[in-house]
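Listed below are the structures to be examined.
Okay, so chain A shows up in both of these, paired with chain B first and chain C after.
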Partner chain A sequence: MIRFLLKRLLNMLPLVIGISFISFAILRLAPGDFVTTLSQDPNLSKEAVAQMRAEYGLDKPWLVQYFLWLFNALRLNFGYSLAYHIPVVTLMMQRLGNTLLLSICALAFSWGVAIPLGVCAAVRRNTWIDRFVSLFAFAGISTPGFFLALLLLLFAQKTGWFPIGGMHSSDADLMSPSERLWDVARHLMLPTLVLGIGGCAGIMRQMRGSLLDTLRENYITASRARGLSERVVIWKHGFRNAINPLITIFGFSLAGLLSGAALVENVMSWPGLGRLILEAVQSGDQYVVMGSFVMSATLLLLGNLFSDVLLAVTDPRIKLGRG
Partner chain B sequence: MSSIVATRLGRSRIALLLLPLLMAGCTGKSDGGNASNGGGGGGATPSVKVDTAGMLKTDATGKFGGRFTDATNAEPKTFNFIISKETSSSIPLSQVFDGLISRNPKTLAIDPDLAESWTTSPDGKTWTFKLRQGIKWSDGQPFSADDVVFTLSVIFDEKVDTTLRDVMKINGKPWAYKKIDDSTVQIDLPEPLGVFFEVAQFPILPKHKLESAWKAGKFNSTWGVDTNPAELVGTGPFTLAGYRVGESLTFKRNPYYWRLDASGKQLPFFDGGVTQVVPDLNTVILKFKSKETDYVALRPEDWKGMQADEASGGYKTVDNGPTWGFTYLGFNQNARATAVPDYKRAWFSKKEFRQAVSYAIDRDAMVQTVFRGLGVPLWSPVSTANTAFYDPNVKKYPHNPAMAKQLLAGLGMTDKSGTGMLVDSAGHPVEFTLFAASGNNISAAICTLIQDNLKQVGIKVDVTPMQFNALVTKINGSFDWEAVVLGFTGGVEPYTGKSIWTSPGRMHVWNPQEATPATPWEADIDKIFAAAGKETDTAKRKVLYNQFQEIVGEQQPIIFLVTAKSLGAIRNRMVGMKPNALGGFRWNMYEISAQ
Partner chain C sequence: MSELPAPQEETLEGSGKSQTPGQLAWGQLRRNRVAMAAGIVVCLLYLMAIFGEFISPYPVADIRPALYHHPPTPIVWHDAAGHFSLQPYALGMKKDAKDEYVPDPTVRAPIRLFNTGFAYKLLWIVPLRIHLFGTSGDFPFFPLGTDHLGRDVFSRLVVGSQVSLSIGLVAIAITFSIGLLVGGAAGFYGGRVDNVLMRLCEVLQSIPSFYLLIALAGILPTKIPPAVTFLMIIGILSFVGWAGLARVIRGITLSVREREYVEAARALGVSDFKIIVRHLLPSTFTIAIVNATLAIPGFILAEAGLSFLGLGIRDPVPSWGNMLNEARDLEVLTRATWILAPGFLIFITVIAFNTLGDGLRDALDPKLRR
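After this line comes the complex of A and B, so read on.
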């Protein structure tokens, strides 16, 4: 097991480097760079623009820029943001907590809602409950997150039940700690709902399909024939066998934990990483973009590894590190 | 909130970083108020004993206490004013820092800020600033000439990443400056500069807080957004009390602020305030509607709905008149543009062709459809709102398709095929590709109208939206473009647009960085700008600017289109707000109060 983990972790390194190379190439082959927008200020002379480009290291060929970055990144120095003049790691750490808070809530919401609903839909296949749950799932998939966010904000403004975006009220600095906790919770509800509903549909359909397949197996019929209660049949024999593909999905969804949801964060004014990254991509703040790519890629690979380990734990048929 | 233009024109908008000034040679109006103790009436203010002797008494009246709340659509990138390059940093920081002087966006006059008065030598090269005495930084340290000299040294340090330096240098030469005594600074310019006040509005930073970082070569990364706000020491009405990253800035009263109200009490009226970062414009308006903010800038499409709810919402809508920027249609007239067919460049270089296009465009319809009537047609690079320098005699091009056709016929462009579309004398169909920044509804709508207007006179236009950076690379670098719709923001002094209008200019859109002026009228504009740069007499500068506007009006090097009005809504509890298109809503926060 330990050997397997070590091997997988070591394999990740070249993979992340490869991903970073491709990302950087795509980033730099697009026309313009961070200075292009700034250079539209008519007050700046040609020399000043050239000086700025040299200072940011953007005058070197992009391959040189990449290897300089890589060399530093391998020593865990991810460089400075061109826009903020502070280290990329500091910049990202400032928002990490906010994004984690929101995405963990959204993840919990979508799994908490989707698994029971998916099981319910599978067990009562083709009843009105199944159809209603499917309708809900498809509506969730087909409504763009930012649009749902805007609709919910309109709802909040009309009813006054929820704050209009953000993470704290404007007078949060005058609140007691318990009031502030409640304040954050109130601000969390709408974005959690938006992101959660978006994530629900896929998981729910997967759960339903997987459980339906399992319920057709002979051992389910056999368990029923043994006179086991329906609850034991579904949850102990059906569900445990049907959960494997979902564990893989869960691993993948860990990668999304930190990349955030830029559009929803924008509409909901949530101070998360997604907005930072989107802005960095748009303005060509390349080391921030690279930092976030490396983080997402690493998380994706770790999530993958995590789900493999989880599979081995839940399913005795799977053994890691052999063959 | 002046960034509403930025959002609407997308990044096609160019920020003129320094606010230009109007009255060169004006001496400071200082009536130093003598009052016992400021301190303010706000209960929450720290009780600091402040000597108000050197402070500036104003006629502001209002109730002390309370907080303001507003929203900005982008977060600050740095708290270091000198290296900040975007309004999302400089707007909140202008509450915390002051310059020697500033221009009042309402009256367009110069206000003395940290400088109480100034004199200039007859040759216009030496400027002596007398500083307000007894002023303290927000941490209680005295403000002096050393801070001004320190700030100038930082700005002119080539290692400091600031766009101010290039604006302030004159023909590439830095200023000389020295401290005469604790309250006097002398600046020696390498050459006289007509628009000196324009560039003398840089913010003053505290030497005692920043000198060690600067000496250690770390100025660029000092006072980033990860700084403890208590470190930010300024002379402005407020200090930064807290920053929630990407979310909100909290301000509190600066107990040492140097302006007094009518009764001699220390301003500002508010104990503090909160500026929330709200990137989405729809959300900004919803926040205002649910009474979370005190004022909001509006887009034309929000106007009607917001007007209808005035009474129930407890606010008033305000129309600040036209904004100071302009949108334009430009044609590539650059001989180095090998990607553009020669015959097309020959059309674009003809004055009559550009005039015909200008006549063909229905700007009134553009204002109606793009801005819902809440805008104005443009004829000059100087906004009609610029009462100081707008030339009403500039040539205008009211919608006149017949005139356009006549001008085009004069160039040999006629409808030979009978399809209504023109061909030139060599048989080339008259058509061009029009680029615009993608993701920008305003320019998309403008392009559609241009396409329609020009079809009526027989010119075919293909509209191609393009990502902004890619577009700029084409315009400044590869010259691979035929026509473009973009925008610029404007300031009071047309001289700030030097790089757009003079032929060696980097932003001389239609033919950038010419070695020698390609046309006689471009040579004339170069001469006018050279003269205006040295001319310290405002009246004489106005004459020069009029000549410039008349040449541009006649030649139409770029065709001016329309500009939106600056609109907003203010909650009824607010007192003393003087919003306008140039200064925005919060420029005079020190004298704003709440009922």
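After this line comes the complex of A and C, so read on.
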């Protein structure tokens, strides 16, 4: 297991370097360097600006600049935020937690809904349940997440059942810890719903297809012939074999999830990484842009690694470290 | 969807009626009613885009500060005396005591087909003043209301489709070409070429695409002409999107490369380029076309998302995404719900493309059928 993990992490290295290079290229393509904006700030002295320029090596050729940036980034020094006046890492860590919270809730929601529905559709193939589930899946794939978010915000506004955007109520500071938890949970519901529905559709279709394929296998017929109850046949023999392809798509779904979260965070003012990167882009806070960028990619890589490990754990046929 | 057995690609010799694979696929598709309906919807949408100015009653940039957030104009089918008429009328609207618009039955104007309106060029060539419908004079007729500047939402929706629908097509054409080239080369040459190209794809795919889009769109200068922005956005979308297609095509090429007919071509001394173009790419074509159809909605959604956040196509040029931008203000959204109209159109477009893509997959590749 440890050997496998080490190997995977080593494989990730060229990817991380590639990603960092792209992000650095974007940084270079942006008009002016980040100190140009900074030097217009009257609160900072000329010496401080010059010192920063030297620290990031902005007066050196671009290759040197890249390695300086990479070296700093490896030590988790992603630079300094212009808008917030704090180091980028501090800023990102605050937002990262929120994005993770939202993504994990959305994942749990979409898997919790999609798996039973997918199984149901496969077992009752070509009935109205199957058609309804397929229709739902199709609508879910085709709805733009930000549009659904707008519709739900409108719904929340009209009914008053849910808070409108944000993560905390304005009086959150006065609440007891348990009340605060409930407050965050309430704020979490709508964004989770939007993101979750987006992810549901793909999983549901995959689950249905995968289980249908499995149920055609001979060992299923054999178990039925042995007189096992339908529940055991489907859940113990069918489902456990059908779930494996889904764990592979779990890795892929993370990319969509993070991208979707970026939009939903912006519509519902959820203070996550996606919102941070947009604010940073709009205010020209380049080091924050790069930081969030690298951070989101790292998150994705770790997620993929996690899904590989998960696959190995659930399917004993897959031997780690041999592939 | 049909339950008929899949026709074999090799028709029996001498049976008289031999069909090309293209005809077979078309026959399959024709039998799939849902996919055909989706195809018709897609065609209608593109017709709407092509005849945008003809369909829209007002120029997209016409600002009416006095009529901001005017609700959709009511349409009635009876005349002033209350008798039913085949001639539809647009009712006037006035503001009540609470400063809200209410219909005013005393003011009305007939809605005319082929009405004379503002001057435009049909298909960007023929100068015309005829529009599909409209009211005479300056009687305000807004089928879908107005936005915060009093611009007609319906006209902007129709003309905005030109941006939203063409971006998907152009972007897919570019990603398709890059994908075929890179995927074909990687699959055919294998070894180091394959390794380098595929690592490159992996790098691109391991960045959540929307973060990359935001970062790239963020460095676009704001003061460039709309046409340049349009091209830049297409460039960005293609840059972010080609990797997936390239990997799919590489996979197919890898398996086709070992087939006998490719070996035969190589033994005959056919050049690499010719083998790739004549033998490898055609066999990837069906899967590539299905992938492309299913990828178009992704581009449409990405453009809409970017423009929605204010990073894509910028006002005053309408696109479905930037028309929704206004709805981010919840107060505006609750008062003027009709500004959500572009969202429904995006939904319809995306669902039509997805259904069509599914149908094409069933038709082109009987093996993939479920």
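The rule is short, and it goes like this: the second predicted complex is superposed on the first by the 265 of 323 C-alpha atoms of A that agree within 3 Å, B and C clash if a C-alpha of one lies under 4 Å from a C-alpha of the other, contacts with A are read in each partner's own complex, and residues count from 1 in each chain.
Definition applied: a contact is a pair of C-beta atoms (placed from the backbone, for glycine too) under 8 Å apart; a residue touches a chain by one contact, two chains touch by 3 or more.
Small disclaimer: the values here were computed from a predicted structure and weren't measured.
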Touched partner set for A:I164, first chain B, second chain C, both or neither: both
Touched partner set for A:V49, first chain B, second chain C, both or neither: first
Which of chain B and chain C A:V281 touches, first, second, both or neither: second
Which of chain B and chain C A:L212 touches, first, second, both or neither: second
Partner chain in contact with A:P271 - chain B first, chain C second, else both or neither: first
First, second, both or neither for A:T90, with chain B first and chain C second: first
Touching partner for A:I22 - first (chain B), second (chain C), both, neither: second
Partner chain in contact with A:I220 - chain B first, chain C second, else both or neither: neither
Partner chain(s) touched by A:Y80 [first = chain B, second = chain C, both, neither]: first
Chain A residues contacted in one complex by chain B, in the other by chain C: 30-31, 150, 153-154, 157, 164-165, 266-267
Chain B to chain A touching residues, read off their complex: 11, 14-18, 67, 69, 74-75, 77-78, 80, 83, 85, 158, 161, 163, 165-167, 172, 220-221, 224-226, 241-242, 244-248, 250, 274, 276-280, 282-283, 286-287, 289-290, 292, 467-470, 472-474, 476, 488, 496-500, 505-507, 513
Residue ranges of chain C touching chain A (in the complex, touch as defined): 199-200, 202-212, 214-219, 221, 297, 301, 304-305, 308-311, 324, 327-328, 330, 333-334, 337, 340, 343, 346-347, 350-351, 354-355, 370
Chain B contact footprint on chain A (complex, rising order): 30-33, 36-49, 51-52, 55, 80, 83-86, 90-91, 94-95, 98, 150, 153-154, 156-157, 160, 163-171, 173, 266-269, 271-272, 275-276, 279, 284
For the chain A and chain C complex, residues of the former touching the latter: 14-15, 18-19, 22-23, 26, 29-31, 138-139, 141-144, 146-147, 150-151, 153-154, 157-158, 164-165, 209, 212, 255, 258-260, 262-263, 266-267, 273-274, 277-278, 281-282, 289-290, 292-293, 296-297, 299-301, 304
